[in-house]
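Each of the next two complexes has chain A plus one other chain: chain B in the first, chain C in the second.
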Partner chain A sequence: DLTAGTASLGGEEEHGPVPGDGAGPPAPERVLFPPTFSVSEIKNKQRRHFMFLRWKQQQRKEKLALKKKRRKEREALGDKAPPKAVPKTIENQRVYDETTVDPNDEEVAFDEATDEFAPYFNRQTVPKILITTSDRPRGRTVRFCEQLATVIPNSHVYYRRGLALKRIIPQCIARDFTDLIVINEDRKIPNGLVLSHLPDGPTAHFRMSSVRLRKEIKRKGKEPTEHVPEVILNNFTTRLGHSIGRMFAALFPHNPQFIGRQVATFHNQRDYIFFRFHRYIFKSEKKVGIQELGPRFTLKLRSLQKGTFDSKFGEYEWIHKRREMDRSRRKFHL
Partner chain B sequence: MHSDDVVWSMLGNRQFCSYKMTTKTQNFCRNEYNLTGLCNRSSCPLANSQYATVREEKGRCYLYMKTIERAAFPRRLWERVLLSKNYEKALEEIDENLIYWPRFIRHKCKQRFTKITQYLIRIRKLTLKRQRKLVPLRRKIERRENRREEKALIAAQLDNAIEKELLERLKQDTYGDIYNFPIHAFDKALQQQEAESESESDAEREEEDEDDEDVDKREFVEAEDSELSDFEDMDKLETSSEEEQEEEEEVEKKASHSKWKGKTPLKGPARRKRPYIEIEYEEETEPSTKTKTA
Partner chain C sequence: MAAPTRLCHVWVGAETGALKGVNLQRKEATNHVGGSGLSRGRGVSALTWGDPAQTELLVGSLDRSVSVFSTEKGKFTGERLCPGGDGAFCGLGVLGSSIVTAVESGLVRVWGEHEAEEPLQELTAGPGLCRMRQDPTRPHLVGTGGKENGLKVWDLQRPQEPLFRAKNVRNDWLDLRVPVWERDLQFLPGSQRVVTCTGHGQVRLYDPSTPQRRPVLDAAVGEAPLTALALIPGDTSVVVGSARGDVAVIDLRKGRVLRALKGFAGGVRGLQCHPRLPLVASVGLDRFLRVHQLRDGRLRDKVYLKSRLTCVLLSTHLDWEAQEEPPPQKEVKDEEGDELWDALESVPTPRKAKKRKISGV
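Coming up: the complex of A and B.
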């Protein structure tokens, strides 16, 4: 009996005693398949499914066994064990960008001392922001503008009313505005953001996505108060990222009121800039709780233009060219 | 002329006319020479052998006329007259050309001409204003970008990153004196102790005083937490800066009450702080009693 059993095992897998029920006899420890056999060749769907599950179980067992073995080896070696391998992530494998900013770079520091944001960083100007939309904004965009105005201190919302940006800009400069934000709308949702630093500053055009208004955020806190929030800028590494980061920093006044305990975050991850607005509370010196308040959105930079908004004759510092720049999955620009 | 009636009774009423578009309320005529756009006995260009229309081409308006004499010559059927750019002059020209024509056609021609000039004016005005540039979305690319955004969001771990950054800032003391956590107080007090050398003797004295109470309090507190040592050290190091710290803590308590209005009440170390604050009060009174007895 035993020999007959093993002979059948040696040939095919247990086809006989498996007429097609789901349970079947328990899988043997070591199953032998002929080298050319594959599960996909079985015509009967139920049986094929069953065989596939069986195969999967085996794979999992083997994987577990392998892991255990490795762990035992590791423990056996003790101190002499090689360090754990770091898993590869996209951030790890990122193609090195030659424009990455070194914190001690003098050239960068000099550039930053003389660029358009120098007056802001030298505390000579106080940010004053004008927020507007494209023509005929729908309700969602209008509400988003209002919420954005509560988040950014010293900002004003004005209706567009069909005015040309080129005419608005000199008027804004005359009234001492430092920044202009235009929220572009398409099909009743905001989908673009143009951020222009006013006295001849650079203009950045972003594509905006996943906009959530305050009421759509779960577990949100109360309204943002009038206190000046802190600003967190994460992960802006390259020169381009640096200048964009400075643009964002220039929106907020320099002296954050820590009593308000509010923080606005611009986090760059793989060229997507996530904006969040939180209220934090330190529960202890090692733990902090945060509660999301304001609107949230993500931005992706489309173009950066020197000078104020001029789409025809402006000089573009950087444009996202899809054919060239989207070829590699590990290459990021911000 | 009588063939018009026949044509109309055939096309308009009964049989199929390929220019006719029916809707629930009205019938429209798609014929390009139609004057009003409706399918009527008087507006049908097929059923009227004497007919006129106004049409515009490239911004200029023309008057088209059809007479029965030319009905046999389809190529020369429609006579075209260019109307002047001046509105009033053009109306006069229409009147001139359509003199002795039925009132209906004259009237409708002038109406149509008015409408056309109005929309031409509008076109010219709009081209001067900003045009909306429509950029086509590519579905594959949109999907790809959305997916990448989701993955980037997961990789970003925003909450962790923000919390880490805030704790970093707390460590680097950007918040100044607002937050007074034990470890911070400990560090500060350590620094103060190193700075002042007189404090040592005071500390020893106070230690002896504290012992009586601390024995009782110690039992009480040990049941609660294990941060005992920190607090003990803190008490030992409480010297001339006692009062200041107490005041700070009072202020902090008040500030904290005002800060944490509707939110979760202070937990953990804050609560455990309070008995120790009381200890400090008693500490302060102790020397006075001591001096009395001494």
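Coming up: the complex of A and C.
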């Protein structure tokens, strides 16, 4: 408080410094202010700014003094000092989601064991992916699709000749494809991803951002090889998160080739899914070196629809409704 | 701890075959189909009360078996197979001591008491059936509706011809035929009228007592398919739920949306209103059971039920307002401790000197 350090009796006007002297002369020793005075009442902008800076400096000094005092106390206590407080972060303060999957829950385990991805996890099907785009894609999207095809094994890129997805899907099923990826493009940059698991599986619609092609990544390694990469799925804790995690896992074959030392990571943090593709090498038991290869992008789930792509008549398992679901900064759904 | 089945306010059927009884006061759900009984092939597709006293539940599963669950005993007491036709059950009803079943291929059958018998009555309601419901005041009347299969009201005693066959609305402004997809229907109790909701986002009201076979009211509600319909006691409004999780209360006199109920993340599969209290229970694909208050649209209860849910049934004979007594506190008997305390001498507690307040400075 500005009036804290100065005696305040009666209502004398303030004597501010004379402006225009560069740094300004030091303030007089005793400045008298009326008790209910605040810096914002000074009409002159330069003087007001000066007073505000002085107040800020004073606050900072007080804060540093307090910190120093606390540190001295802590050193004085030595071993008996209380442990350092953990700072609050949004991840720490996350509202507990009741749909968080408990590994011992047998009903949820049964539900997962018999859902649409069961044939993949029981090794009955081998993933075969079709990658396509929205109609008439521009160069960046085309290159992104090609790079994505090198990252995901057994995937094929086809040009979308203005065909309707509902007509493409039965043909894909007839040709044994297990997944369909459609990269949506807007104004020459890819901004959406539709991932549909094929025989009758769920369709996830994502918003895609921060797409970086291989040449835009700094300190990258050589091209990815044909080895099957390992997959890391981080932080998919809720039931919805589990479904999405299984969708991503079903894109890659079950047998990672550790010779290739390549790994694809889907990291979920605060409902954003970050995709990275690295090559790693163990320098010793504890030290690892990694090189980022392939493309990187960020996804955010917009909706999960039961059944193959049918935006008009399909039934949705989860839709992101901003006004209802984004009320709290500490509540996440994946 | 399993909630006793007599206190379950809401019964819910799931896709995994689980039948759950939910006690709303304790927010607990008990699964009455155990770990080994769960199977996708026995997913619940229809649920109805077996008797007016609400002591028995009829559960229709995907493998065409109808099980009887007793709420008094808390277990399944019988099961019968109802073969014939293709597809899952889209309606279950009770007529006296016989069961009425309808399947998606259009076959509606009335089954007698013994399992091995042939069905007592049979009628074909056309392919692509989505729903069959019984009129609660006249149980021998059933209504059927489906995809490209308009509303038909049948009398089970005369299975050859329907009593009422609805006509499609006029061609739209481009002179194109309006497609028909009746997803759910309900009989209004005061009169002969039937209200339906369609997969193209329309709510329609038909009146068989008038010569007009076209709907008396045709209201468009959003664009998403409407998958569930429930009547609000009072006869002038209905609650509809869509495949995208938009639930609205529609006024049947004008066809306007009165109120929207919020909080749904996924498509709604089942809706039911309580006959006396202003509450509506809803279940859907987002694995939650929600109970909303109709007067202000507030969410009252939300229970997570782990599997995708398909059917909901309210237990209306129960007193929902009654507060449950807390379980009697078990008295902890510590006999050794008691003896020890008895042996000690009692010391009189010192009187605290009364502090006198000093008022004023």
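Worth a mention:
Rule of thumb we're sticking to: the second predicted complex is superposed on the first by the 273 of 334 C-alpha atoms of A that agree within 3 Å, B and C clash if a C-alpha of one lies under 4 Å from a C-alpha of the other, contacts with A are read in each partner's own complex, and residues count from 1 in each chain.
Just so it is clear, a residue touches a chain if its C-beta (ideal position, glycine included) is under 8 Å from a C-beta of that chain, and two chains touch if they have at least 3 such contacts.
Note that the coordinates shown come from a computational prediction; the quantities given were computed from them, not determined experimentally.
Superposition of the two complexes onto chain A shows chain B and chain C fitting side by side, with no clash. In the superposed model, A:F258 lies in contact with chain B only, and not with chain C. Touched residues of chain A were counted for both chain B and chain C, and B has more of them. In the superposed model, A:I232 makes contact with chain B only, not with chain C.
Looking at the shared chain after the overlay, A:E98 reaches chain C, while chain B stays out of its contact range. Within the superposed three-chain model, A:F52 lies out of touch with both chain B and chain C [touch as defined at top]. In the superposition on chain A, A:K321 makes contact with chain C only, while chain B stays out of contact range.
For the three-chain overlay built from the shared chain A, the minimum Cα spacing from chain B to chain C equals 11 Å. Residue overlap on chain A between its contacts with chain B in one complex and with chain C in the other: absent. Considering their complex, residues 129-130, 132, 141, 145-146, 148-149, 151-153, 155-156, 158-159, 161-163, 165-167, 169-170, 175-176, 178-179, 181-184, 259-260, 262-263, 267-269 of chain B touch chain A.
The touching residues of chain A, when paired with chain C in their complex, are 98-99, 105-108, 110-111, 114, 239, 306, 312-319, 321, 324-325. Interface residues of chain C, counted against chain A in their complex, comprise 16, 18, 31, 35, 38-40, 199, 223, 225, 227, 243-245, 262-263, 265-267, 285-287, 304, 306-308. For chain A in complex with chain B, the residues that touch the partner chain are 89-91, 135, 162, 164, 209-210, 222, 230, 232, 234, 258-259, 261, 263, 265, 267, 269-272, 274, 276, 278, 280-286, 288, 290, 298, 300, 322.
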